[in-house]
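Notes follow once the structure below has been shown.
Residue numbering begins at 1 within each chain, and the chains themselves are lettered A, B, C and D in the order written.
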């Protein structure tokens, strides 16, 4: 059993980490942190977990790096950006392995961080050693990583289907558009008038455009895959459901799609390429061009699913992906990374 | 055109008053108050009303009684209890007619107010002159009223079907149970963690039992109708929808229900009695014992609908009612009262 | 009072027409049709309308053109495509004015109808005389129209903001993308496993791509405005709410957007142009580039609202619009057309 | 690994059995049945399970008892009542152990079955040997059972908190009322107009009163516990969420509750009794009289949670319970029974 701690366990991502790690056969939660709940047990704060025997004794403690380093080998940080780095630095110094779910270590450039997050990076010296926590892309690096910057939710829904398209040269790097829909857990557990029930129910609205923060990590990874700087369009929307992200990607094939036949041929190339890249992946479902994703088919699952249509009228490729924002978009993917780091089978605790 | 003002127009009841009064052919909104929005127009604060020409000029002002008295003949108070009375007193002194949607003037006894609301009544001298704003029950008194204490949402859903049963002696006053379900607008527009989307969606929960504040006015009115002190059981629940209250009442017939035949006879007596009492009412729908209410059939409407079943196995009468909590449970009923006070046909602006 | 009838009053659009026409001060519903409910009154079939005195006597009759022609001056057809034309032909012969909410008369070309709807057009001789029921675009023609082909829901959300952009030359006609979200009433009132509650709730999914039927009328109208053939991309999604469409449009400005300053200048040009085109419209709300639309702000309203962002990073224009699919996307807009045809103020019964 | 089959795997309970058994470390699904899908694999029919390797090969077969008996040791029947018995009879003859999720074997009396289900019982000779599948109540009998009649969803929510109250004599057996709210999966996966999204969303409605079928098994079990015939009131309501049942029970304490002090004493007696009965249960959460249940706290969990209030004003005891209707109300509890039958720890595959 590997000893793990979760810093920031009262938000939605933290709670999801607790849910998954309580069931994880190789992990033992030794502590969870929360300024508000310090002194209570996990079962007291989250009655929903009270039927796990361990929850009766796992203590909420203050977010103290020294204490966390003493108790745990691995520490998950489910904290706001900026705050996460404050704990990450001493934990790494103490030799602990850190999985950060915030944006603090996702960018390779402190300047880009400053551009998108509006403040100086708190620990730029660590950026070079952080590994981006997207297992299908960085599996080998993750195995030895000390600091994992778990990929964001929207980025995961965009990168998993798009990176291989760019790497293989099947699409052009210009003109990429991602139109995303997100459930409301994406906004976090916070008392804000815009997120109370009656302001979200029977509502749908765009937000954060045209320069949402997640663009920084999406464009970074797309640029690496394309071998050239990629600038893209991203429009997130809030829709009335708890969990899930559905992303519709508008892409330009590298070859001309003139008619139904060339569309069909191009679609088959995609199918072959995706099968080669993801065919053996436990948590990637390739829907092909007949089935399209639906959020309800991936809720509470760590799977990224995606399908596509090649449009012979417009010459475009439409790719649609779906993930559970708390699972594949946050805590599930973090545990997938943890499994890689700790040497467990990648699906441990995630099926 | 009668000049009206709305104090507290940024909450859900206030906004619903605005919506209804903008469409009311005999009312002119001359001012709305809000500490937060003073200085702006209605259209600026609520873009959703911007296509009403009047909304372009109606100003948000501070909640100042002298100013309101100068501008309006009628003032609707959509304010928290306690705060409402502070405005009501000077407005009444200035000769204005007041429709208070808070609980401040619903109880005839200042002592009961203190018991249920936990503070000394701010203006006990006005309790005797306030008329309880339930038009089917107090129609005549409302016509001449200076101060109307608009009935609460749960109370309306309970009193409309129950009062005639008690008055007619068809049920016994003991053992009454009301089990109610409410949409989340009932909790008001406030940033509170318990009411954010993901804490209410895919959730249902009881609250406020066993002594919810609304019991005070419900028991007061039931006692008047029964001619004896009534103590009853009331359990409200929050369910995931925006608007609507569904109340299931468990009642004891005054006569013994022994079999299907006596149940049928009793049900017919109810139908006859309700037809006599409510048959001509514009906003009461008697569903009888074949159809049962559904919240979706009264949403955005001022109608109270109710149906019933007489259970020959248990001898009980089950009555089920439905209202829109913002319409019949608050702002719609307030305008019904206003129409009575101002001498307009009761349905004006409500169809 | 103008006598009107509604053919197909048991679906969602038909029911919405009933709701609006019961409140319309200049219209009298003389009959509604339904094969299933013939012989009953409106109040019996829809208890929710029972508090309208008229609903007690309005009869459901069989969809017989001769009978409808005898009773009504105007007939609204809320029927499936194909079925609508069967009634429209004899009604027009009998001199009645027809407002068809189906797709039967929206296209100028019978060949395009056949391409998109998969059958020979039932009455191609009428296509030339039909007026497309989008009041802001065809107001003058609608006044004298005998046959109005009310615009579709998605098309309305796309055309209202886009047509003036093409007409003014502010955007290029190539590469237009519309990504739309629709509530479930858009799928109609039909018992289909894909639309039962638990298959839609906590779900979001694309459908009908890449060649949804509405593309035919959208491209027809865009092409007219652009003066050149427009082929565009359209991706509808189903999201879990009852009413509303939110459309995100990805458009290419005719001038180059190089930086924040040129973006700002272009945005101002848009604001000026829209103000000129729609500034006096009762049912168009121009949000500008600061506010973005939200479905909850137009639910139960006939307003189209739209806002935009000019993205200086990508050079694109993003326009976002919102409508209530049953109001502005169907029945409300139909009544707006009716008001024009019958010579009533355009907002009659719609505020 | 124990070989299991699921007959009727395309409904919600069947799908939930699949979900749970795919994760069950001691069970191997060898076949699932469906007339509609016979010939396909589980992964083809339910893409959501495709990332389970086993799902790629598990075949859908026709519901043939001989074939099922050949393949599996245990067969779960997730079929409509009446149909379930047809498979159960030959399976039992062939020596297989059967877990029936329908109502076919829940009642000890064929006459009561006929009264409530409107048809002659298909296999009355098996009623005596069936064990009611409520593990906390019939644990020992379940271990050796050949035929388990898994308890219904509403019954489970009512019986778990109520049976010990009757057995201990703390409440009187007369006058019991259960008012229940259910999510829409409770209505099954069927294309019925009453259950399409827009007829359930923003809606809440009672149904099936006053004599819902589940009353038969509830009263049977309450009567056994009370040692006297119990007749009770039960009112189910449909509310807009996918999963979950919340039940509010109105009960009469055996002793008089005169004041706050006697209420407090009685509450303590309850707490002690419940602790003794359920304190060691893995899937029962006793909330006490401070916390009240919320559906969101038991969704996707096999836990029954309940809390209570003793009302010194009315002298009544209010108990409120919550379960996930597909987990504790159907498939989770069935697997809990299976674990007992097969000799596995009771929580296997359910945490």
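Assume a contact is a pair of C-beta atoms (placed from the backbone, for glycine too) under 8 Å apart; a residue touches a chain by one contact, two chains touch by 3 or more.
Only a predicted model underlies this, so the values are computations on that prediction, with no experimental measurement involved.
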{"item": "Which of A-C and C-D has more C-beta pairs touching across its chains", "value": "A-C"}
{"item": "Per Cα centroids, the chain farthest from chain B", "value": "A"}
{"item": "Whole-Å gap separating chain A and chain C, where each centre is the average of the chain's CA atoms", "value": "39"}
{"item": "Intercentroid distance (Cα basis), chain D paired with chain C, Å", "value": "47"}
{"item": "Of all residues in chain B, the ones touching two or more other chains", "value": "199, 201-202, 240-242, 296"}
{"item": "Of all residues in chain D, those that touch chain C in their complex", "value": "12, 183-185, 189-193, 195-202, 240-242"}
{"item": "For the chain B and chain C complex, residues of the former touching the latter", "value": "22-23, 47-48, 50-52, 202, 282-283, 285, 287, 291, 296-298, 300-301, 303, 305, 351"}
{"item": "Residues on chain A engaged by chain C in the complex (per definition of touch)", "value": "177, 179, 181, 199, 201-207, 209-211, 231-233, 235, 237, 239-244, 246, 248, 250, 292-296, 299, 309, 311, 313-314, 316, 318, 320"}
